[in-house]
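Below: one structure, written as structure tokens.
Labels A, B, C and D are assigned to the chains in the order they are written; within every chain, residues are numbered from 1.
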Amino acid sequence: MPEQRPQLNNPIRQRLHEIIFEADTQAGKRFDLLLIVSIVFSVVVVMLDSVAELQVPYGKIFYRLEWFFTLLFTVEYLLRLSCIGRPLKYAGSFYGVVDLLSIAPTYLSLLLPGGKYLLVIRILRLLRVFRVLKLVQYVGEANYLKRALHASRRKIQVFLLFVVLLMVLFGSVMYLVEGPEHGFTSIPRSIYWAIVTMTTVGYGDISPQTDLGQALASLVMILGYGIIAIPTGIVTAELTVFQQLTTQSCPQCSAEGHAPDANHCKYCGAKLNP
Amino acid sequence: MPEQRPQLNNPIRQRLHEIIFEADTQAGKRFDLLLIVSIVFSVVVVMLDSVAELQVPYGKIFYRLEWFFTLLFTVEYLLRLSCIGRPLKYAGSFYGVVDLLSIAPTYLSLLLPGGKYLLVIRILRLLRVFRVLKLVQYVGEANYLKRALHASRRKIQVFLLFVVLLMVLFGSVMYLVEGPEHGFTSIPRSIYWAIVTMTTVGYGDISPQTDLGQALASLVMILGYGIIAIPTGIVTAELTVFQQLTTQSCPQCSAEGHAPDANHCKYCGAKLNP
Amino acid sequence: MPEQRPQLNNPIRQRLHEIIFEADTQAGKRFDLLLIVSIVFSVVVVMLDSVAELQVPYGKIFYRLEWFFTLLFTVEYLLRLSCIGRPLKYAGSFYGVVDLLSIAPTYLSLLLPGGKYLLVIRILRLLRVFRVLKLVQYVGEANYLKRALHASRRKIQVFLLFVVLLMVLFGSVMYLVEGPEHGFTSIPRSIYWAIVTMTTVGYGDISPQTDLGQALASLVMILGYGIIAIPTGIVTAELTVFQQLTTQSCPQCSAEGHAPDANHCKYCGAKLNP
Amino acid sequence: MPEQRPQLNNPIRQRLHEIIFEADTQAGKRFDLLLIVSIVFSVVVVMLDSVAELQVPYGKIFYRLEWFFTLLFTVEYLLRLSCIGRPLKYAGSFYGVVDLLSIAPTYLSLLLPGGKYLLVIRILRLLRVFRVLKLVQYVGEANYLKRALHASRRKIQVFLLFVVLLMVLFGSVMYLVEGPEHGFTSIPRSIYWAIVTMTTVGYGDISPQTDLGQALASLVMILGYGIIAIPTGIVTAELTVFQQLTTQSCPQCSAEGHAPDANHCKYCGAKLNP
């Protein structure tokens, strides 16, 4: 389709760019909405296709719908490439890669039958949903969360290293205590048990049988139950501090720390800049 | 029963309204208390009726009690309609609909036998309990929670969208990794597994068997264990800020929610009383 | 044993009171320590006695030890009654009742064999441990927690009522959706399932089998996973506010809000009263 | 190897100390990186050695690799001893003991075959990782967490004592209610069940069968679900307060940890720089 590009004069490309990449115009919003509906619908088709009871009677319809959506998204992908200023930059960006991965599995499934279920990666395209839903506020909230998580990443990393060390140690000790005859068949599997237990998931597919093992498991559980307080505390403390600060300062007395909904300085009563 | 209304002169309707809809008078409180006891008792009857061992010997008693309470609540419903100024507005409100749904299943059960268990919806009527239990303070606390949750709704929505995308992706990948022979019979069921795992519920009805599947499941568990910190942090940060606001209201614009160190109203700039 | 009391002259009763009820003197501390060791040891004996493999060979020893500790605690209980000013007030207090319940089961077991395991109630006597472990600070911390929980009790009650209503509703709907053939044998049992799921315990003894049931269960899980944020937020907000305030005010500028470890006013630098 | 030490002249020992114990020089960083890779690799070998399917074909290679790493770490241990000023102090420190325990199991395995899996204790050596990863910031974050946890340790202890008492009591009562025929074979095992339930792990290997037992279990679950709010609240409140403290230090007494609105040092009362 690159041969089409020379035929496009600037206004048409600009109009296409407006519709496909922006969400300010009426047409842009309609396009985004249509896209979201198509994505959701196509993901549902992939899901239903995996259900054996539905595959037998409706398999053919699913097959056709999959190709329909794949061709649709392929056209859209090519249009995106054709109307953007720097197509390579788009193709290499997060959304560009997701857009490509959203159509590739169908073509690949001609060679590898199972691969078509990878189409669910299309769901990542829904992240575009923010653009439609009055984006500014939501993007603001998402950025707020992102910044708080970024600020606490080192503490989280220290915590994670500590937890992983604990899981490896507890898993290994349980392997020695319980042994293969009680389901702890190897150290990696015992570590899997430690993760299942410490995160309080507790499938019960592997569970300690000996008295010593149950005593040790109790310790692991109480630890796992308790130390969730640490990451929660880290994130909360960060969010609380972020929450309490706007970066706005009073034009008269220079005081900071105003609530997000404040119109007047709480110290001197002067009007704040919006 | 609308034919009764013309017989009612104003003072009787007013008295009825006081008893049924208000909780300030002695009679109103007694009525509410009686109502709560009836609701609890009638819900218990519905529950016990569903127990097979009790159904055989006491089924007849349960049947009669159900009709007794249904008739009682029907009379109450009609009285409510008859003594309120705008009956249609009440009938369309949340409580009005709940009140109707609380009696409808018994009548429906004459046609559809299983429907009677829908009577447990009566328990929603207990939300009226706030009116009796020294309402002002409790309603205040409930509103406080509601406002904090409302203020953080966008962040929660962003978080939920993110979590649901993760669940769909992890579920689909696990379907490819484990496959139908290990209980991951379809993508929807694999997503169900991802939800069971990520929320740390962990029934164990479906659990990964392969090494790769267990490694991936470990990742899902640690993620699920950790990211609970995010909604907790969001709600806590919001509540902490609300908590620190004073009950002081502005003498000029009556706005509330001022910080403890505020001298001026943040909305209109008027001086606050110390 | 009330006949002994007249023989006791005041100084002996006072000395006994010092040893048994106080922890300031050397003798009082030793007595408390000995008591704690006896309590732990006697509870361990009761626990081991319940293990079938140990009951056969050591049952006789356990039996004798139980009677030994019961007689010991009986003597202690009578001494407590004899040396306190108002024995009835003590007997009716929380600790007095626990002390009596700690010895009664052994005597009752002469009539009712199984009752002896109720002796584990003795473990509640360990709450006295605070008296020994440098009590002032720990009691302070416990009070701090108690006050924060007390301040947030109404919000917690509102939350609990809301959660219980949800559990009853979800449990009932699941009874209709899944039915007795999938383990949801009655509404109370279905509510039990809803509690197991919403609290993220997830035994897996009852789990949904139908597609609709699993979809509904997914909703219950995500709700249960998410709303834990609410009580956590409530308690945390309360604790954060408590944490940040000492009730101390500056003797010079009357400013409040000093850190617990502050010696000087942070605003004017004046020395604070300790 | 102490006979070697007299041969070492000061500059060589100093250089060795720089490489092995410090991470400031290029050589020191390379050594630490090499050490971390060796530790991870040797732990992976121990883990894989425990997998029966891999043990049969690759057992010999694992055996040789284990001895290779053990000899490597032995040489490193001896070098550490030889180049440090006070070797006994190092040998008795946390890292010294871990270093010894990281090589001992291989030698012990000549006598006790199973003991070799204790080699996973080597993973604790990874705590040294902080030295390499731009240590200052991470150590700062770790210290920050440590200080907050230290400040809240008494509240956590009070909470833990309370929770353990609850677990013992609930476990014992469930033993009486459910009895050995439903899997609650002894009081210790019933306490194990209470821990599994209250921490919301919920294996399902033991679960209540009677109506009374399920009602009681529901109470235990709701309690366990709710009271996680308490340690989370404690840690969060502590971290939030720490978070809000400035990095400002007093110009007179160098004390840190001042509130953002402080004008004077809270310890000595000196004026702080704005």
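Just so it is clear, contacts are C-beta pairs under 8 Å (C-beta built on N, C-alpha and C of every residue); 3 or more make two chains touch, one makes a residue touch a chain.
Every value quoted in this text rests on a predicted model; they were computed, and no experiment measured them.
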item: For chain B and chain C, chains touching each; value: A, D
item: Furthest chain, CA centroid comparison against chain B; value: D
item: Distance between the centres, which are taken as Cα means, of chain D and chain B, whole angstrom; value: 42
item: Chain centre separation (chain A, chain C; CA means) in Å; value: 42
item: Where chain A and chain D are represented by their mean Cα positions, the distance between them in whole Å; value: 30
item: Separation of mean Cα positions, chain D and chain C [Å, integer]; value: 29
item: Residues of chain A whose C-beta touches two or more other chains; value: 188, 191, 200-204, 224, 228, 232, 234, 236, 238, 240
item: Residue ranges of chain B touching chain C (in the complex, touch as defined); value: 43, 46-48, 50-52, 114, 117-118, 120-121, 123-124, 126-127, 129, 137-138, 141-142, 144-145, 148-149, 156, 160, 163, 188-189, 191-192, 195-196, 198-205, 224, 228, 231-232, 234-236, 238-240, 242-244
item: Contacting residues of chain D [partner chain C, same complex]; value: 154-155, 157-159, 161, 165, 168-169, 172, 175-176, 180, 185-188, 191, 197, 200-204, 207, 211, 214-215, 217-218, 221-222, 224-226, 228-230, 232-234, 236-238, 240-241, 257-259, 261-271
item: Touching residues on chain C, where the partner in the complex is chain A; value: 200-204, 232, 236, 240
